[in-house]
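By letter and in written order, the chains are A, B, C and D; residue numbering begins at 1 in each of them.
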Amino acid sequence: MTATLSERGTHRELREHVAALHAELTRYGLVTWTAGNVSGRVPGEELFVIKGSGVSYDELTWEGITVCDLDGNVVDGVKAPSSDTAAHAYVYRNRPDVGGQVHTHSPYAAAWAARGEAIPCVLTAMADEFGGPIPVGPFALIGDDSIGQGVVATLQDSRSPAVLMQNHGVFTIGRDPKAAVKAAVMTEDVARTVHLSRQLGEPIPIAQADIDSLYARYQNVYGQR
Amino acid sequence: MTATLSERGTHRELREHVAALHAELTRYGLVTWTAGNVSGRVPGEELFVIKGSGVSYDELTWEGITVCDLDGNVVDGVKAPSSDTAAHAYVYRNRPDVGGQVHTHSPYAAAWAARGEAIPCVLTAMADEFGGPIPVGPFALIGDDSIGQGVVATLQDSRSPAVLMQNHGVFTIGRDPKAAVKAAVMTEDVARTVHLSRQLGEPIPIAQADIDSLYARYQNVYGQR
Amino acid sequence: MTATLSERGTHRELREHVAALHAELTRYGLVTWTAGNVSGRVPGEELFVIKGSGVSYDELTWEGITVCDLDGNVVDGVKAPSSDTAAHAYVYRNRPDVGGQVHTHSPYAAAWAARGEAIPCVLTAMADEFGGPIPVGPFALIGDDSIGQGVVATLQDSRSPAVLMQNHGVFTIGRDPKAAVKAAVMTEDVARTVHLSRQLGEPIPIAQADIDSLYARYQNVYGQR
Amino acid sequence: MTATLSERGTHRELREHVAALHAELTRYGLVTWTAGNVSGRVPGEELFVIKGSGVSYDELTWEGITVCDLDGNVVDGVKAPSSDTAAHAYVYRNRPDVGGQVHTHSPYAAAWAARGEAIPCVLTAMADEFGGPIPVGPFALIGDDSIGQGVVATLQDSRSPAVLMQNHGVFTIGRDPKAAVKAAVMTEDVARTVHLSRQLGEPIPIAQADIDSLYARYQNVYGQR
């Protein structure tokens, strides 16, 4: 899928931004060694930028981010793009509203994914960000559109910006790369708290009307306008 | 509830102090992304200062702290105040002894909160700081006085400076902001240790007379006079 | 127990060494806020040095370390000594071989202590350092010799340099302060690993002869001669 | 086994590289105090380099790395080599394809080792790196070839570059020291995620054909060519 690598240095600002966002993945312990990646759609072009495959987080600058077209072919860059590029490309092709994506194997979320179990919405912070449970997508092998199809199909009936791909890990979407990073960070946060809560009993469910109310408020009122 | 934002730069020393105290929330892993907040009453005035809504911890200076009156209206500042401002305001109105408050979703404490389960007092450090169990407050939606009412009602019959709001997280009070921060830090610490202890059996209760003795000593003898 | 505080600046080298050793407690997450302390016997004098009560780890220099006699009376320093000073003093009086002590509430170890359960020796690293299980001492209130008596009585029949005081935390001893710090660090390390192992089944016991062999070798061969 | 220590400063580049790689062990929390070690074969010579016994990670430079022959005798260096030197030497003698080794007591992996339980392959990341379960080797005492024999025997029928030695910890191999370090990092990562997953139920197995496919792809396609 990847073409010849060569650097023209296009889209440098977005590549710097996406490179810098990876620091949130390491800060919150979502990634180990070189696993995990952030991508971002190039506004107004049929392109996106994504982390190079196996590039170390310590050495990640804009040159470690590769520009691809929406079929996952390399357009600019010196690094072969992430082995998850096909999945990101599929999501960008099929979800024009998505401007950023993140993939991690963050431990608590991957633990739910290994059981193929959705994370129930038992925290107000989870109602805020996810508007309900974090759903599970199918087992899918890397290498073709299977993972991307699973992500898109699972998220289309959900308010959640995150999906737990079975036996695999987390894929998140957002209107831009930072929103997708926030969703990945919050996914691990709630995966951990609900895990801990379940270890000693059953968390109390939150009524659907309250989840709806929290979600509506958070999406519209939180933060600076 | 918030009025027009504009900066006159009043109460700068307290705002710097409250901004700096947030570093303890990140140091101890009590907060994720922009969630969580510290507030402090302005001594001798019907005002308090509180973190701006959605402001990043990396960028938090005194300008990220907003001055509010005790109804939660903005009096000075360029950031819309925390979405938890109404809760803090209610507590300051109804507890004149409270000079500082903290709110977090720290993971072990929130795990107890999601089950609606008080943390039993089975550690001498918990007897020292909390004087008994950490109680659970009601489920309450954000947006009006419900959370503040739940905090005040739950803490009025308790020595504990912390309450676990059901399905939500931790609210702590103190004579000043630093004391409330310490209570938030210690809440997560004991929430974790008691959680771990319970995972493999039942912790041994501490007799009430011993709890009373430890609490009295710690409140009066510990630290520098 | 503490006399008038005033600084003559004696024993500065040992106080700097003991102050610096506290950085290992924060590095390994053994302490929260100002809890925990290291002490060291002054060689050839009836004195020891110990952390000041409630002194912040960020601000801990030699001036935060106070010199006491073996009854716990302050001899030199500007900080009231740790509220655990009586326990340390008792141990120094009754164990002339002890040159350093550490006290923490490190979470996994305190979780075992809250159940009053000794940590079984199921790891070769534990056989190396502790020569068997880490024993549990009695519940004892702070304020007199009770804790010190419990530490000395429990450790006299054990190879372990660490004791879990019931519902409280960890006390460790060593030939010098650094050895006691190492014991405190290793206590939490093995408390955690054995906790994790027990969560999913029963760890395999190590035969006593193998424990003896590992302990003898580690005490005599490990490290630089 | 160790001969007279003296420094000629040979193989300095490899010793610097191996010294630096230990930073990954501390970064990922795989080691406590001075435990754990990395070694690397000297290409084209019957030698390897390994961490000195009990050397602090803070002070680890090339001078803390000792050069040994394949019987574990010191050839160059001022530090007595790791007490695990005999195990490393045995593996280098019997596995000419191995260019680097790592030993840790990383907590989640050691928890599986204490139960003598292999880690099942229920994560795609585990299929990628390990090609199946991480196997358990026998209980073996330090001091002769027992540990090395256990490592070699257990790994010869496995794709896994890691073995959990019963009641002990992790030994990993790689074509070079960095590959062995990566295997040690990933061992703890998957040990933790599978542990967490098992705490709340049973992870879903991955079909052998899918494991084979993932392993083949990762070994051949991932990263930069």
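Basically, contacts are C-beta pairs under 8 Å (C-beta built on N, C-alpha and C of every residue); 3 or more make two chains touch, one makes a residue touch a chain.
To keep track of the chains, here are their UniProt names: A, B, C, D = L-ribulose-5-phosphate 4-epimerase.
Just so it is clear, the structure is predicted and the values come from calculations on it, not from any experiment.
*Asks:* Need the most distant chain from subunit C, centre defined as the mean of C-alpha atoms.
*Replies:* A
*Asks:* Looking only at residue numbers at the subunit A/subunit B interface, is the share used by both copies over half or under half? Answer same or different.
*Replies:* different
*Asks:* Nearest 5 degrees is plenty: how much rotation brings the CA atoms of subunit B onto those of subunit C?
*Replies:* Rounded to 5 degrees, the superposing rotation is 90 degrees.
*Asks:* Between subunit A and subunit D, what is the separation of their C-alpha centroids in Å?
*Replies:* 31
*Asks:* Using CA atom averages as chain centres, what separation in Å is found between subunit B and subunit D?
*Replies:* Computed value for the inter-centroid distance: 45 Å.
*Asks:* Where in subunit D do residues touch at least two different other chains?
*Replies:* Residue numbers touching two or more other chains: 199.
*Asks:* In the complex formed with subunit A, which residues of subunit B make contact?
*Replies:* Touching subunit A from subunit B are residues 32-35, 52-55, 79-80, 83, 105, 107-108, 110-112, 114-117, 139, 141-143, 166-169, 195, 198-199.
*Asks:* Going by the contact rule at the top, pick out the subunit D residues touching subunit A in the complex.
*Replies:* 28, 122-125, 182, 185-186, 189, 192-194, 196-197, 199-204, 206, 210, 213-214, 217, 221-225
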